[in-house]
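Take a look at the structures below.
Next come two complexes built around chain A: one with chain B, the other with chain C.
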Partner chain A sequence: MKPARFAYTAPDTVEGTLDALDRFGDEAKVLSGGQSLVPMMNFRLARPEVIVDIGRVGGLDGMSAANGTLTVGARVIHARLEVPAVTTPDGRREPLGGVLGSLLPEVARFVGHLPIRVRGTFGGSIAHADPAAEWCILARTLDAEMVALRRGGERAIPAADFFETVFTTALAPEELLVAVRLPILGDDWRAGFCEFSRRAGDFAVVAGMTAVRLEPATGAIAEARVGVGGVAGVPVRLGGAEATLVGETPGAELHAAAAETAAGEVDPVGDLHGSAAYRRDLVRAMVARALAQGAGASG
Partner chain B sequence: MTEISAADVAVPVVLRVNGDEYRITAQPRRTLADALRDDCGLTGTHLGCEHGVCGACTVLLDGEPVRSCLLFAVQSQGAEIRTVEGLAGDDGTLHPLQEAFWRHHGLQCGFCTPGFLMLSAGVLETRPDIGDDELREALSSNLCRCTGYQTIVEAVRSVRDAGEA
Partner chain C sequence: MSWVGRSIRRVEDPALLCGAGTFVGDIGGAASARFVRSPVASGLVRAVRGPAYTIADLDADEVGNIEAVLHRPDYVRLAQPLLARERVRYVGEPVAVVVGATAAEAEDLAEQVELDIEPLPAAVGLEAALAPGAPLVHPSESESNVMVAGEMATPGLAEALEGAHAIVELEITSGRQAALPLEARGSHAVTERFGGRTTLHASIQAPHMIRTVICDLLGMPEADLRVVAPDVGGAFGQKLPLAREDAVVVWLSRRLGRPVAWIEDRSENLMASWHSREQRYRLRAGFDASAHLEALQADVAANVGAWPCYPITWGVEPLMALAELPGPYTLEHYGVRSRGVASHTCPMSPYRGVSRPVITLALERLMDIAAARLGVDPVEIRRRNLQSDFPHTSPTGLRHDEGTYREAMEQAVSHVDLGAFRARQHAARAAGGPQPGIGICTFSERTGYGTPAFAARAMGVTPGYENVELSMDPSGYVTLRIGASPHGQGLETALSQIVADEVGTDPGRVRVVASDTDRTPYGWGSFASRAMVLAGGATYLAAQKLASQLGSLAAEVLEAAADDIVLADGRATVAGTSVGVEVAELARIAHHHTQRLPAGATPGLSAQAGYDPAGTFSNACHVAEVDVDPDTGGVSMRRFVVVEDAGRLINPMIADGQIRGGVAQGIANALLEEVVYDDDGNILTTSLMDYLPPTVAEIPDIEILHLETVSDATVTGAKGLGEGGTIGAPAAVLNAVNDALAHLGVELNEMPATPERVRAAVRAAAGRSPAGENDRSTQEAPVR
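Up next is the complex of A and B:
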């Protein structure tokens, strides 16, 4: 349970990091909070030749809101999303309100345990790409954009393209994830998140997130997003469940129907944490509960 | 170009633990837990699972409880580290949390105790008014195979209620 040997560098700038990644290519692995990478290294499931530690790089831990987008720096620790606050253009720090302001703490409290949440980072979790990780499910459900830098270039990768398979993303070896852009949901959105794990703080067996936009005049659902994790190699969007919701009025019956559709359109593989049938049942329950939570009701 | 430390070479590392400075040499792969135990001689920090699940190796890093098996010594330079050795007074007077664990039978074999003490110290120092549910959730971070947890919860709650941490 000791990691294999690796060479180590801890640049203090983004430029220095990009230089190191450019130089070492796929021999290098970026170390952020290390709460997922280091366990894998201790198990020797990961044996990077070179560790590029970004713990001393400044400027990656900001949160700001502008033009309907919340930008979360890659090195923002999970604990800060339990009480999300943004820095305004004039340098003041103010609490993030609105639907995201309520949703992010709901999600953050499911991420590991307190000692994990004060070290582990938002960007680290996204780049690690565990298919049951809360932030990956959130990013996929809300169609987040991942901002990747390389020497001499920047690109924004949509969540649909970013998560490729288990622990695998579209990030190139010489690219650094510097921030994630989330759409700030307006007050006409209702969002919920629910997950099931066997022990407090464990990775989810299944987690579900929903977000619906209501037509102000009629209260009917104009747009719906349903995302789940724990049923495939990446977090998935459930188009069938989303279609069931659109045009209808939220309520227990509709939520049950959407959850039923969701359970029917996933194709989970069973493992020792839960059989395929069990995971399917969990999808039904998690989607229904996330919808109910979003609607502010129980059940 | 930023300096690179080679994989098989031990580099100088300075750790600040319980207010004392430890100048050691360590390979980059040396975890903080191993550095504390083997290089600093501070064997109060215990290692259970070595993959971040059990919490036996919990220490305070700049006031927050962290798993020292998931940190490399080289990463921990410049931080203020506290271990269980720093809890009692120089004259051996127990810290209120240590007293409370004793009084409430918050330990039996004692293996997990340093981790639970440091977790509790970090939680109560940064969140002195923590509610019962949040405290229970925070204490779920660590594993204990003897007590069934209830006595640990009672011990930490008593220190919180007395405002002693």
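Up next is the complex of A and C:
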């Protein structure tokens, strides 16, 4: 339970961080809160040669909204998403309203325990890429973009490309995740999140998130997003369930049908906390409940 | 005014709450030992390469083997080496040990050690270990994996079953559990450079017994080993047996001539400390037409792991099941076969309640199932079967002293308002969604085992009595030295209340010294819900002797008759007068003016006493309320009620704390905690992400009510209660889960009732539902 020997550096700036990542390449691992990385090092499951701690880097803990996009800095701690607020261009802080403003606290309360939520970071969770992590499911479901910097370059990686497999992302060793861009869902969206875990604060056995956009005129579903975690090496979108929803009017029967489709299109791998068959059952329950929750929020 | 019966604050707490406790890991100044453990469940050790000590080094020093013995014909005797010799028998078995300057360095060194082990087939689960042709755990010593077995039947059992109105059959299984003390195990040994005396600090429950066995193993006189249990962060039975590692640490410190410490990490604790309670019960019970349980036949099998534990042995679980299965019921005919089955898994030690949580689960599921079959209310079937004439002698010869089995149940049922609950349940069934369920559990808890109870087990050593030494110093303060070894229970506080009443002083003037073989009389330690009964009884007797000495002295000083002296509030007074003397002044006289003592009196003020009763049964009724989500199998606890009768309560707050902690562990055992191996014997639950103790969110408020049947089986009138919470809660919770889903035809008799198991039971019931009751009845014998 003691980590293998490692070197430690804590740059003050983004530039200094990028220099360190450039220099150490895949020997380096970024520490941003350390709520998953440090336990893995203590178990010696992770043995980085160099820890690059970005805890002293300024400018990575902001949240701002512009052009229908919420930008969350990589070092924003989970707890701040329980009461999400953005900084306006003139420097004021105001609560994030709307559908995303209601959804984020619903999700944040499932992330770990209070001590974890005040140390662990949003970006750290995304970069760690646990397939059952709440923020990864949210990013995948809402098609977030991950903003990655390297010395002399920046790129935005869509969620569909970002999560590659368990604990593995498209980030190159010399790249630093600095922010995540999320769509601010308009008032015509209905979103829900439902999670089943063994204990309060555990990673999900299965969690489901849904977001549907309604045609104002008809109330029918114009666009649907259904994402689940805990059934594969990455959080997945369920195209079949989404297709079941589009064009239809929300209601218990439709939700049940979409949940049934969802259960049919996942291909989970069983482990200690749930067999494949059980996880399939949970997908059905979580998707149905997330849809109901979203529909309820509209009324 | 009496101090006994008052909820005074615990003297133990301020240091612990302020982070000022001293645990083994706080001692420091020692090199770090780390054990290199077997990565395979079964194999032959061909070579160990690297910077490590092995069994060869221990053999060279003529270190002995552990021999945990039961004097029974059906018991397989083994000699267990301190490190694996030739063969490994479970994942985590210590094979070698390295010593580094720091824990991290020791871990680095351990990684350099290469174990060359030829893997062999392993027998992991109970059924696999019992199967014909199963790989044998101890092939040289035994031709099967059954290492201990017991069998008995009362005359007339077969006829009683034959003539029964209804037969109910039932299989109950319990998953493997870990006691999970907050502080894992650990030891720290320092050997004096001159004289060669060693001091061992270890996180243990029985320092004197551990000193004896380590000295036997290392061939040293006991006078050369001091064993101290400093603050111990929970134990629950896991720290009762000898840890092989502790003995190796003593050996290392003597061999290397430097302080050596081993601080077990959480993974080691989950993998290689002791486990418990992987058991299976098959019951066949006969009821008469009035739902009286007349006859019970049981087949019990316990997976006891790869080695016995010293000194309790691996007979403790199966033989306790054999003796105590009849529980609180007035059953007459009883037959049982109970076996301890070795497997290539971590060995077992007693864990809070030992077999009784599973015994109680089996009996209480039996009562609920029989009630449903016979069309009787679950409360009524218990009312008809619980003991009410005392003393009651069980079919296995256990004498139950007076208890309140029925009264506790009636009070619990009335407290929860069963009628209101059933109305809410009815509404929820119509509405769908989470389903409420309620479960009742009544049980007895055998406590205060003394020498007669342990002698019946025929162990190689017979624990039992407790001794105490009590003295008053010239300042009038009292020091109590005890052989018991409290570790968080609040025993020091409770004992000081007993002393204060007898000696007429304040508990704040009593100091308790425990857990140090240099400073305490020989005793057996704290385990088996015994310390309050045994050490409390000895303390009471010693305090009476001290009071008598003070009374004689006061009589001399006050020129009164000794019988007329009353000790209270720090004064010795002549009854009915204001004539008196401070106890502190008497203490001065007893030490500094001994010319004033009565002729022939011994200078000073001290007394000693021992206590060794046969034992006593406390009892309780637990009621659990749950919500079960049929779609996910998730169970949430809504409410938990305990009506407890543990005789006279010395400190009710401490009693409540014991009950709450025990119930929390019992709920965890019922719903969450399970040690899991794969078929090859690899352990899958080596962190707290996989072995799941509850958080505060999973445990409801626990409502506690007390009955106080003052026991004539103990001198203080107190009974033990340390294990009851854990004993009763699993059955109450499982009964509640089954009650919640009864309308779906669900029957679930496996613990823990994980969400996946609950969900599978719902699915299985739904699969049967077209055939309805006909389909269910194939699982049960017909009513005759």
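Definition applied: the second predicted complex is superposed on the first by the 296 of 299 C-alpha atoms of A that agree within 3 Å, B and C clash if a C-alpha of one lies under 4 Å from a C-alpha of the other, contacts with A are read in each partner's own complex, and residues count from 1 in each chain.
The working rule: a residue touches a chain if its C-beta (ideal position, glycine included) is under 8 Å from a C-beta of that chain, and two chains touch if they have at least 3 such contacts.
Computed from a prediction, not measured in an experiment: that's the story for all the values here.
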Touched partner set for A:282, first chain B, second chain C, both or neither: second
Chain B versus chain C as contact partner of A:9, first or second or both or neither: first
Partner chain in contact with A:201 - chain B first, chain C second, else both or neither: both
Chain B versus chain C as contact partner of A:106, first or second or both or neither: neither
Touched partner set for A:61, first chain B, second chain C, both or neither: neither
Partner chain(s) touched by A:1 [first = chain B, second = chain C, both, neither]: both
First, second, both or neither for A:51, with chain B first and chain C second: first
Which superposed partner A:38 touches (first chain B, second chain C, both, neither): first
First (chain B), second (chain C), both or neither touched by A:116: first
Set intersection of chain A contacts, chain C complex versus chain B complex: 1-5, 43, 113, 200-201
Complex contact set, residues of chain A against chain B: 1-12, 16, 19-20, 23, 31, 34-35, 38-39, 42-43, 49-51, 53, 55, 109, 113-116, 118-119, 200-201
Chain A to chain C touching residues, read off their complex: 1-5, 43-44, 113, 196, 198-203, 205, 272-275, 278, 281-282, 284-285
Chain B residues within the chain A interface of the complex: 1-8, 27-29, 31, 34, 49-52, 55, 58, 61, 64-67, 69-72, 74-75, 119, 122-123, 137-138, 140-141
Residues of chain C that touch chain A when the two form their complex: 102-104, 107-108, 265-267, 631-634, 672, 676, 684-685, 687, 689-690, 692, 694-695, 697-698, 754-756, 759-760, 763
